Amino acid sequence: MIWRFGLFDSTFAPLATTHWALLVALVFPLLLGVLGALFPPKRAFPVALASLPVLASGVMLLSAFDQSGLLSWQWEIAGLILSLRLNGLSVLLLLTTQCIGVAAALYTPGYLRLSETGPLARWLWPLMGVVLSALSLIWLATDLLTLYIALELMGLAAVGMLMLSGKAPALLAGMRYLLLALVGSLTYLLGIALILGHWGRLDLQGLAKVIEPGPVAWFAAALIGAGLALKAALFPLHAWLTPVHENAWTPVSALHAGLVIKASLFMLLQLWSILLPDTFYAPRVIAWLGLLAIVWGGLLAWRTDSLKTLVASSTVAQLGYLMVAFPLLLGPDIAPLPRALAWEGFWLQLVGHAFAKAAMFMAAGNLILATGEHTLKGLAGTSRRLPLSLLVFGIASITLMGLPPSSGFTAKWMLLQAMIITQQWWAVAALLTGTLLTAAYVFRMFRYSFDETAPRHRYQPLAPGMDLIALTLALIAFALGLLAHFPLELMHGGSP
Amino acid sequence: MIASFDAIEVLLALCLTGSAFVCLFDRHLIRACCFFVVFAVSMVLAWWQLGAPWLAAAELLLGVMLTSPCFFYALGHLSPGASAPLKRDQFSEPWSRVAMRVVLALVWFVMVGAAIRFVIADMVYSPAEHPLLLAGVLIAATALAAFALHRHLFRRLLAFNLLGSGVFILLSGVAGSSAAAQALISVGLLVAWLGSMLGALLIRQLMHLEGVEALGRDGEPKESTT
Amino acid sequence: MNAAWLPLTALATSLLVAVTIFALPEEARRLRTTINIGAAVVKIILVTLMVRRVAAGHEDIFSFQVIGGLDFVLRIDALGVMFAGLSSLLWLCTTIYAIGYLEGSANRKRFFGFFSLCVASTIGIALADNLFTFLIFYEMLTLSTYPLVVHRGTEKALNAGRVYLRYTLSAGVVLLLGAVLLNNLTGDQSFSSEEGLGDYLNDHRGLLTLIFILLVSGLAVKAAMVPLHGWLPRAMVAPAPVSALLHAVAVVKAGAFGILRVVYDLYGIELSVELGVITGLAVAASITIIYGSLRAIAQQELKPLLAFSTVSQVSYVILGIGIFGPFGTVGALAHLLHQGLMKVTLFFCAGNYAEELGIHRIDEIDGAGKRMPLTSIAFTIGALGMIGLPPVAGFITKWYLGVGAIQAEMYWVVAVLVASSTLNAMYFLPILHRLWFRPGPSHGKGNWPHEQRLGRLETHGWLLWPMMFTALISLGAGLFAGLPYSPLDWAARVASGEYLP
Amino acid sequence: MITLLLALALLWPFGVMGHAVWLAYRAPESQRDYFSVLWLSAAWPSLLLAYVGEAQWTMDAWMLGGEWELNSLSRPWLAFTALLWSLAAVHARGYFAAEQAQAQRGDQDAQRRLLRLALLWPLTLLGNVLLIIAQDIASFYLGFAVMTFAAYALVVHTGTQEARLGAKAYLILAVLGEGLILGGFLWSAGAADTLMLQGVRESIVSAEHGVWMAALLCLGFGVKAGVIGLHVWLPLAHPAAPAPASAVLSGVMIKAGLLGWISVLPLGHAQVSGALAQFGHWMLVAGLAAAFAAAVYGVFQRHPKAVLAYSSISQMGMMTALVAMGLVAPDVWPLLWPGLVLFAAHHALAKGSLFMGTSISEHLPRWPQPLIWALLALPGISLAGAIGAGLVSKWGVKAPLYEMHHESLIKLLSWAAVGTAALVSAALWRQWQQRHQGGSNREQWGAWLVAVIAALLTPLWLPLPAGSIEMPPLKEWLGIMWPFPVGVLFAAVGWLVTRPLTGKTLPAGDLWWFYAFVVGSVLVPIRAFGHCCGRLKSASVVTTQKAEETLMGHLTRLLSGESWLRHHTSGLMMMLAVLLAALLMWEGQR
């Protein structure tokens, strides 16, 4: 399990250009964000221009990984060891982050212009930059201190972003999120404290070597697990999520639901794979909760009247798919084949969901922006007027439903296969139920949109490209299904 | 020598615990705030005592000088003329919730305590040798329970801060004053301050938008509290 | 020589059309029509090419790896070409018909976009070479037909769409489970592999049976087998071309075709017999045939009647699969095409009656033969074919099914066939009587419900010619069944491939 | 050459139909001559075909593989069929003259009826011709089906209540018959893997269940041939149909059933099994029963056409018995069949002219009455075997039976001929009672006259194998002719005896009413069951909807738990941590 996270010594030292690429990937979003605050862009093309180097850095890191396999960096500052590594998984997640981040950034100018956001809009850029930088750092960092810093940075910036709309419900939801996020990270810190106290080090690679199962590891895992579960909105600690998204700006929601909560999940899995290499019950508990999450999230989304709540609740359910895979990733006595399948399926699902959810939020935002209605009923007749937004929504929801040929399907196929090999029938049932529930709420929404009997409204025209950006994201999620070979290839490579 | 140190530590621990408890459970918000200042000052001393002057400085700066004013600001005492200042927490919790939280606090206390027992194996035999550590565990558990119990946003913010301090004490207790621990704690302090500041701003803004009445609710304004 | 471009191009033709249509503005009517028809013609040419290549013994494969041990494979084989041919031929007809039918109505862009997508899915289904690929297009079909079913956007249409999804998506889930189970058991199993799954019989008998039941019940929903048929009559609210396509080729046939693939190409017919599942299939099909006919008798409206008739008729294909022996197979395969041609004709006719005269109920149809003679002749041909009377194509399949049943010593199947013919006659002949022998509004008795003069002939030419074409083809497929490349001939070719080594 | 003629014979009716369509849509109303010379000529190429010679065609592309043949059986059959069709067509031109005039004046209803008839008449003919020449199952079945269903238009023509009832009875039984035939064909062909009628015959002999296949086919064709029990459509349809339609229906179309039997039953086959012979006996009994029962029932009918219909049943019964002999005594068959064909041909023409005669008696021409009535009686007398072709055909079947010593059957047949005589005299009597003057025209009586002559002279023109038919020796004449006077006498006595009895006459269609009653009473519980199912369904729908509503209510309440979760998130996190820790500890300590 540990080698999959790239926690071993690398064969090659990174080249000079790779250093620069790393720097750009980590720092540029932040700088650009600050720049954006100083000179808020009015159109998409300067944003596109500015984000080119970021994307280029991602591609360079990809090619660097391609050439030399695992890369790692280590610095010692005042007795502290900070370390980063670049393996297939982190490249994949980094690229995902950059793509979605750039898409959200491109989407933002048009959105801000159309939705009359007020003076706080300026703050969005730096916060977005911080979130993206912190996310990139999380995918790369391999010591607990850096992870903690990045996590906190990301959390605070995310809270800030989500509250920018400034409405009372948004503030209240944001306040709840803030407090819970902070408490979550303190719980996490408590776990770190135990690790630091017992083994006296924070670098994951070293820890992976020294940690043996024992009470300390277990307590630390429990604390870290609970804290990060809270931040990752895992059922039943998910309840803060929907109100937050209900009132947030669209690009912010896209980023948050697509990436931010995934970062906590990523850390959770990474740390547990170090702390709990072969435990039976803890992953099971998570998986059972995942089962409930699928059902609960699905039901919530199914019965809601608000479009954004629907999208947000679907996140809860989708996280359930990931949770259900935990026993396969962490449990004992899993044969290599199902474990590999589950591992690949897990990340494919995560990445696919990130893209699809971002696209879905954007599509939903477009619909809301155009119709001025937040409810599903307000969508009546949109199929005629806003076909593209609906199409984007539809393509994204194919991924969420896990219907072929989307990435959701391929991921589900792999997960199912792994579950069947390991005979986890309840997990199979959960996955299949999830499909049906997802279809239920997605098509409930479409049902409203296809209603031709509704009265006509005046729709606000959308800025050019807003739909296209969402479409691109949705198509990426979609295409990853058949082209799953390429992202998964990344994760094959780099075994020691 | 050791005994005297112990005495000071015990005193500090008691001071910390006492002020923390008042801070957490006093419905009079201004008084709770004042006790937070006391708590923060004790924390400065405790860091000094634990041999981490850098942390003491940081605590002085961040905890005493920056966070405390945030609270007063949140209560509406630093910007006169704004909407009515907060005075008391008016919410009464159902007994089941209270009981549940008490149980949780106890269990949590036991759990963290047990965890620390495994980290520092000799603590079982001489719990009194680590009074600050013990206080940290106690404060952390209580603050978390209080956080879960309270519905008033301000009190939750306060509880979060105390929880943070408890965790920091605990961290330094188990990890000593290594660079890594200090770095973690410094980051934590910074985050706590940033969080408190953000929280205070939010509380003010909410009060401005929705009025005092809405503030305590930890739910959507329209929902009934369960 | 492997022409990998051929299956891919065939698939891409309609996919690209779908994308192009979505990209075009709603008003670009002429361009859209040109693209639609042009692509349909190109598709037919491609399918002709495929037929020639298959007949010449070539095997064209396009494949790439999706994940380890799982490939996306398109392969041209005789069975697939059969289905592809049906779908491309009917695509052209239905497209032309739909252009005429939807003249002047709203949302045409959406309609034609999803229509093309739907056809792309059927081509994919036809050419898929493993269960994974099949599943991809099978689900794509579900999704692309939903907007067509709810096209009208009325309450009734939306409810029908919901029911449709409930059935098909649940079925998709069951199918997915079966597919994954099978994939776990056997690895990636190509439809073209000769040995079938016989090697697994000894160790995994129960599991194989379970998988078979899962797969077939998943497919049976689309094939509208009782009791999983509930969506089909409801889906009749869709516009006529959609019903025509849904019934004749796309959805129900996809289900039946899937069962064909599972039995013949995945399990292998010997294994299916060995497992004993095949008799169950035949019994289920028989029940469906009789039940569908009985329900059809009770219908008051034309389209639901046709829908129940479809329920009954599609199970002929399944029945043919359930009959072990080359004749049963030939019957099943030929009926796949024959039923498509005849049913599409009937639906076109029903659509024409509704459009031109506003006829929806059976008792409104009195004397329509005079007002719309060509439509009524086409309807008569279709109806007689459904009854199984010569010389329409339906007779040919009924013949082969019956003979196959006798040779498999399943005598009761003959009774089912005869009973079904009689029942079909019981609900079609009264309609024909009304059409031709009853005086109606065209003889000065009463008025048509909603008469329009759509064209110089009895109705709009776009509506008329496709219908005439399919009617003639279904007549010709029966009259000249012995010609080379006729549906029967091709079915025999496929069947000989299945039974002869 | 002959192939061209065949193509012409089969395509010509299409041309005729095309012309009719053209008339209906293009020609002005007043110039629509539905029964033009072209229309009359529909059957002429077929007639020609019958006399050209023997030939054989094989077409692989045709349906399941076509094989058509003009042989010693199909040629005479085609000859009399085509002849009667031609004559009936000419007769129809006269018969429908009034209606045509009406149509030309613009009567929509008349136009509709005539167009229908003009279109479907050639189609029926086409089916009839095809089934005669077909040697493969598919073509035969095709011809049979086309003829059967197209003839519906002929029966229902007038559109009156009776016509609709007759047509309904016809159609229901036809569908039933088609089903039985299909079943029989499938079974026998499937068992022997054959597509030819020849194969069916062999299959019935060799197959284990051969007798059942034979039974299915027999019953299926029996519907057409009016086997007792399945004959009920005949007396219902004939009186209602127009005279020319009745003529072809009764003259040639019911012979299609007979031809079906001859084609599919292994008649004269040396290895006929015991079961099949037993079946033959049953068939024999059924045939004779039909012959007698129909005569007894028929004489009491009021409508002359109904009487004639019963006469047809009776005659077909006799032919059934003769066919059955092919199974019971295979060795007699080679001698018997030419006689049977002659019998059928003669019956076709005679019955055709009798039916045409009914229209003559309704529109009597201004001729001397005795001449007319004598002419009207002639085919009847011939049918009873007293004169002309009847005499020859009777001898044609009797001679082989004598030769093989089936005297009892001969006796029975003679007594059946008594019945025939009684029936034709009854029919004539009813015609006399219901006669009308005037309104006749040339085509009407011309065709009738030709038919009468052709009937009387059947052996002269029927292309039977040379030497298969000979005149009866003079000493046998009495033995053949006696049933006629006896029959007339019987009829007269019967009339005198039953005249005082006033009461309702027996309805035409005898068993039909019983069947209708039985089916009706069976349908009652089925309908009730259907209603019950319907109610059950709607009730279950209501229940399900209610359950769904309740469930949704519960669900909504359940989902309000979301806000509980929201309020207790931090507490839940503590619990989760404790739970995880406890679990891990517990697992670790084990």
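In order of appearance the chains are A, B, C and D, and numbering begins at 1 in each one.
Here, contacts are C-beta pairs under 8 Å (C-beta built on N, C-alpha and C of every residue); 3 or more make two chains touch, one makes a residue touch a chain.
Keep in mind the model is a prediction, meaning the values are calculated, not measured.
Note: the chain lying farthest from chain A is D, by mean C-alpha position.
Centre-to-centre separation of chain A and chain C, using mean CA positions: 42 Å. Here the CA centre of chain B is 70 Å from the CA centre of chain C.
Put simply, the C-alpha centre of chain C and that of chain D have 36 angstrom between them. Centre-to-centre separation of chain B and chain D, using mean CA positions: 102 Å.
Residue positions 176, 183, 187, 214-215, 219, 222-223, 243 of chain A are each in touch with at least two other chains. Multi-chain contact residues, meaning those touching two or more other chains, occur in chain B at positions 111, 115, 144, 147, 218, 220. Contact between chains, as defined at the top, is found for A-B, A-C, A-D, B-D, C-D.
Those residues of chain C that touch chain D in the complex are listed here as 298, 327, 370, 373, 384, 388-391, 395-396, 398-399, 402-407, 411, 414-415, 417-419, 421-422, 425-426, 429, 436-437, 439, 443-444, 478-483.
Taken in their complex, chain A has these residues touching chain D: 176, 180, 183-184, 187, 213-215, 218-219, 221-223, 225-227, 229-230, 236-240, 242-243, 276, 279-282, 285, 299-300, 303. If you check the complex, the residues on chain D that touch chain C are 21, 59-66, 108-109, 112, 116, 138, 141-142, 145, 149, 152-153, 156, 159, 171, 175-176, 178-180, 182-183, 186-187, 189-191, 193, 530. Partner chain B is touched in their complex by these residues of chain A: 78-80, 145, 148-149, 152, 156, 159-160, 163, 166-169, 171-176, 178-179, 182-183, 185-187, 189-190, 192-194, 196-198, 200-202, 214-216, 219-220, 222-223, 243.
Within the complex formed with chain A, the chain C residues making contact are 22, 64-68, 70, 72, 106-107, 109-110, 132, 135-140, 142-143, 146-147, 150, 152-155, 157-158, 161-162, 165, 169-170, 172-173, 176-177, 180-181, 183-184.
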